[in-house]
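Okay, so chain A shows up in both of these, paired with chain B first and chain C after.
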Partner chain A sequence: MKKTKIKVQDLNFFYGPHHILNKINLDIPAGTITAVSGPSGQGKSSLLTALNRLWENIDGARATGRIWIDFGKGLEEISKKEYNVHHLRQKVGMVFQMPNPLPMSILKNMQFPLKLAGISKNMVPEKIETALQQAHLWEEVKDRLSSDAQMLSGGQLQRLCIARSLVIQPEVLLLDEPTASLDPASVEKIEQLLLELKSRCTIVMVSHYMDQIRRIADRNLLLSNGNLSLVTTKEQ
Partner chain B sequence: MLGNDRIPKICLQTAAWGCASLTFGVLVFMAWLSIPVLRASDTVHILTLPWLPGQGQFGIGPMILGSLYISVLSLIMAAPVSFGAAIFIRITRPGTLGKFFQHLVEAMTAIPTVVYGFIGIFLIVPLIRETFVQGSGMCILSAAIMLSLVISPTMILIFSQSISSVPRQYTIAVEAMGATPAQKFLMIILPCAWKGILTGLILGFGRAVGDTLIALMISGNTIDFPRHILDSARTLTAHIALVTAADFDSMEFKTLFVCALTLYLLTCVGVFFARAAGKRQ
Partner chain C sequence: MKNHSAVDIFLSFYAWCCAFILTSAVLTILGYLLFHGLSSLNLDLIFAHTPVMDALFLKKQVFGGLLPAITGTLALIFLSMLFALPVGIATGIFLSEFARSGTRKILGLMFDIMASLPSIVVGLFGFAVTIFLHQHFFKQLYPCLLISALCLAFLVIPYIIRSTQIALESLPPQVRLTGPALGATRTQNLWYVLIPMAAKEIIGGIILAIGRSAEDTAVIMLTGAVATAGVPNSIFSGYEALPFFIYYTAAEYANTSELMKAYGAALILLFICGGLYLFAYWIKRKVR
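After this line comes the complex of A and B, so read on.
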């Protein structure tokens, strides 16, 4: 039995007048890939934004309920108002459906989260290389780190965004349909990457693709009409 | 269908070329009409000597200096205030309060300059006079304060537009990385909005240099070289307005073309330096 990494209790999510998530209760084990599937508009992305409190930056969004995450010192309630949200987001990385590189070079994109986290400059090159290697992008970009990130292909951009999330070594990685806009070869690379990553961080991923969920997810949760149900686990 | 596209294309091209030609035409026109004056006396003297028509000396040096003093000082005062207001409207309070202030600023752009001039005469001029106990209060500082109020709304609107044009995908990406609001602003919004901010500064400077009424009403219109911000001064625009009102055929009048040409070139130089600074950024 794996240790609980994330615990969600009575999570309600509202977007304007709409009640999106209805009293969600959920335990996510450490070192696993949990997929969240379901029809569009059911609150899959909202569930992810509740886990890093990104909803607080979205106009009209509101969440109630309690969420705990274990960052190595036991479960800490991250939904408390006084919990440092910036610290939380450095521990809980997020990758969006559309790759969102910043308008700067590949290297500066990778340096950005390290700068935010105040990590010493001496450590930066090593951390960047490690993260790019983890994202299987190092070989493709090592000779052009100073090139504009926008010059990369869609698959490379998404791997850059994953590498950018990994560079500060998050303990949880949230992925919102990370392969939705990619070609099959890029999808395969990212799936491989996620399987390698799960030993280092707990992954929660929104996906529409059942084949993908079967290939990489340890558990599949179905979100429908604001309610969450466990559909399958790897063991089944 | 392709044939139909040609007509609007030609219309738009004609409009664009028309505007460009008109702007260039004004420059040529002013340069052409300045030639007799520049030939009659030394160009350097016209630009640097004082205005003493009684002694046959038509230098516009004091007016150039007056224009520069007032416009640069007003820009120095307006830029940080406008920047702060734009941040308030777009970042700090982007909701109802921000929208209210945005509408207020939009309304301010429609207020005629003469109204600001009146406010300046009855509010700022006595205040400066009593605070510094020097002169009439009609001075560079008073004019610059009022002029900063005149140029601020335009600058606020351009700054806030450039801040809001930063793609949401960038800001949400840095928010998800754990950036604080200050980090988000300094590391993403400011570099992305820099060109728009520069445009706001250029337009603000252009408006300050080109304004006539505020300077005419508040700056005191003395034709001496200003040495202090509490000195009276006359700007190039105010000088053109004052001389045109009294004369249209004398040597004094002819020197106005040099004034207009100088104003034109002054604005061009300002734009050039601002653009050069923007490219280096």
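After this line comes the complex of A and C, so read on.
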């Protein structure tokens, strides 16, 4: 039985007058890949934004309920207003459906989260190389780190975004349809990467692709009409 | 279906015609200016009979040449941007990122009204304020470079505000969330992500504002521009400016050579605007 990494209790989520998530209760075990699937517009992405409180930056969004995450010192309630949201987001990384590199070089993209986290400059090159290697991107970009990030292909960009999240060593990684806009070869690389990452990072991933969920997810949760249900686990 | 494609063809033809007419108009103006102005472009036009080095190092004043008007115009652009950019960009950021919906609507309306003010009204207002200040507070204050620059700044601030606001507001929602998702504070997100992402459009607005500052005549003729002043040596002195020179020469020229000088001045003004545009474009590429 794996330790609980994330615990969600009575989570309600609203967009303006629309009630998107209805009293969600959920336990996510550490070191697993949890897939969230379901029809469009059912609140899968909203659930992810509740886990790192990113909804607070979205106009019209509102969440109630309680969420705890274990960052090594037991479950901490991250939904408390006084919990440092910037610290939370450094521990809970997020990758979006469309790759979103910053308008700067590959190197500066990688340095950005380290700068925000106040990591000392002499640690930076090593951390960047490690994260790019974890994302299987190092060999492809090591000779052109100062090139504009926008010059990379779609699959490379998405791996750069994953590497950018990994560079500050998050304990949880949220992925919102990370392979939706990619070709099969890039999808395979990213799936392989996620399988390697789950030993050091708990992953929650929104996906529409049942094949992909079967290949890599330990558990599949179905969101429908604002309610969450466990569909399958790897053991089944 | 057939009607639909006929409408498509008509709209496409109309759009091509509009683009052709506008491009032709720009090329005609440029060609006309080059045809008339190019022959009068020489060192005499700028320095008259003053030795070039003496004029450039301000050892001798230039009378009859355009150097004072060129330096006056450049000083005017520099000063007006110095006042307008910090205020305009900061207000645009405030409207886009910090203002509540109601405040945004009210202030937006105010700035739209400000943008629609005729420049002669702004010039008149600047002149009236100068007279008021002269009579009641600063006896030494007269219409001058500073007053003109402040009035021009007032004129172009709405452009800078709107271009900054629109550039920031039109960023895709996912881009806005990039910084926060990595743990950036609101200020860090604004500084490292949103402003660089919107820089291209913001600089577009600044180019427009620079162009407006360089060419406006109505404001400066009421607030400090004079026919002969020499190279400006203080922000509190009267000054010469290219648009004003073109205006009064075109209105009062005594012979063809004077009119040719005005064409030459128009061409120089065009080069200055073009040069500033290229400079802004270079910055835009650097920012990118």
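Keep this in mind: the second predicted complex is superposed on the first by the 236 of 236 C-alpha atoms of A that agree within 3 Å, B and C clash if a C-alpha of one lies under 4 Å from a C-alpha of the other, contacts with A are read in each partner's own complex, and residues count from 1 in each chain.
By our rule, contacts are C-beta pairs under 8 Å (C-beta built on N, C-alpha and C of every residue); 3 or more make two chains touch, one makes a residue touch a chain.
All figures in this text were calculated on a predicted structure; none of them were measured in a lab.
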Chain B and chain C placed together on chain A: clash or fit? clash
Contacts of A:M151 with chain B and chain C, given as first, second, both or neither
neither
**Message:** Is A:L230 touching anything from chain B or chain C once the two structures are fitted on A? First, second, both or neither.
**Reply:** neither
Q) Taking the superposition as given, does A:N52 touch the first partner, chain B, the second, chain C, both, or neither? A) both
Query: Touching A:M123, do we find chain B (first), chain C (second), both, or neither?
result: neither
For this session: Could you look at A:F112 and tell me whether it touches chain B, chain C, both or neither (first, second, both, neither)?
Result: both
Chain B and chain C footprints on chain A meet at residues 52, 54, 57, 86-90, 93-94, 96, 98, 100, 102-103, 112-113, 116-117, 164-165, 168
Listed in rising order, chain A residues that touch chain B in their complex are 52, 54, 57, 85-90, 93-94, 96, 98, 100-103, 112-113, 115-117, 161, 164-165, 168
In the complex, chain B touches chain A at residues 169-170, 172-180, 183, 187-188, 192
Contacts from chain A onto chain C in the complex sit at residues 52, 54, 57-58, 86-90, 93-94, 96-98, 100, 102-104, 112-113, 116-117, 148, 164-165, 168
The chain C residues in contact with chain A across the complex are 173-178, 180-185, 188, 192-193, 196-197, 288
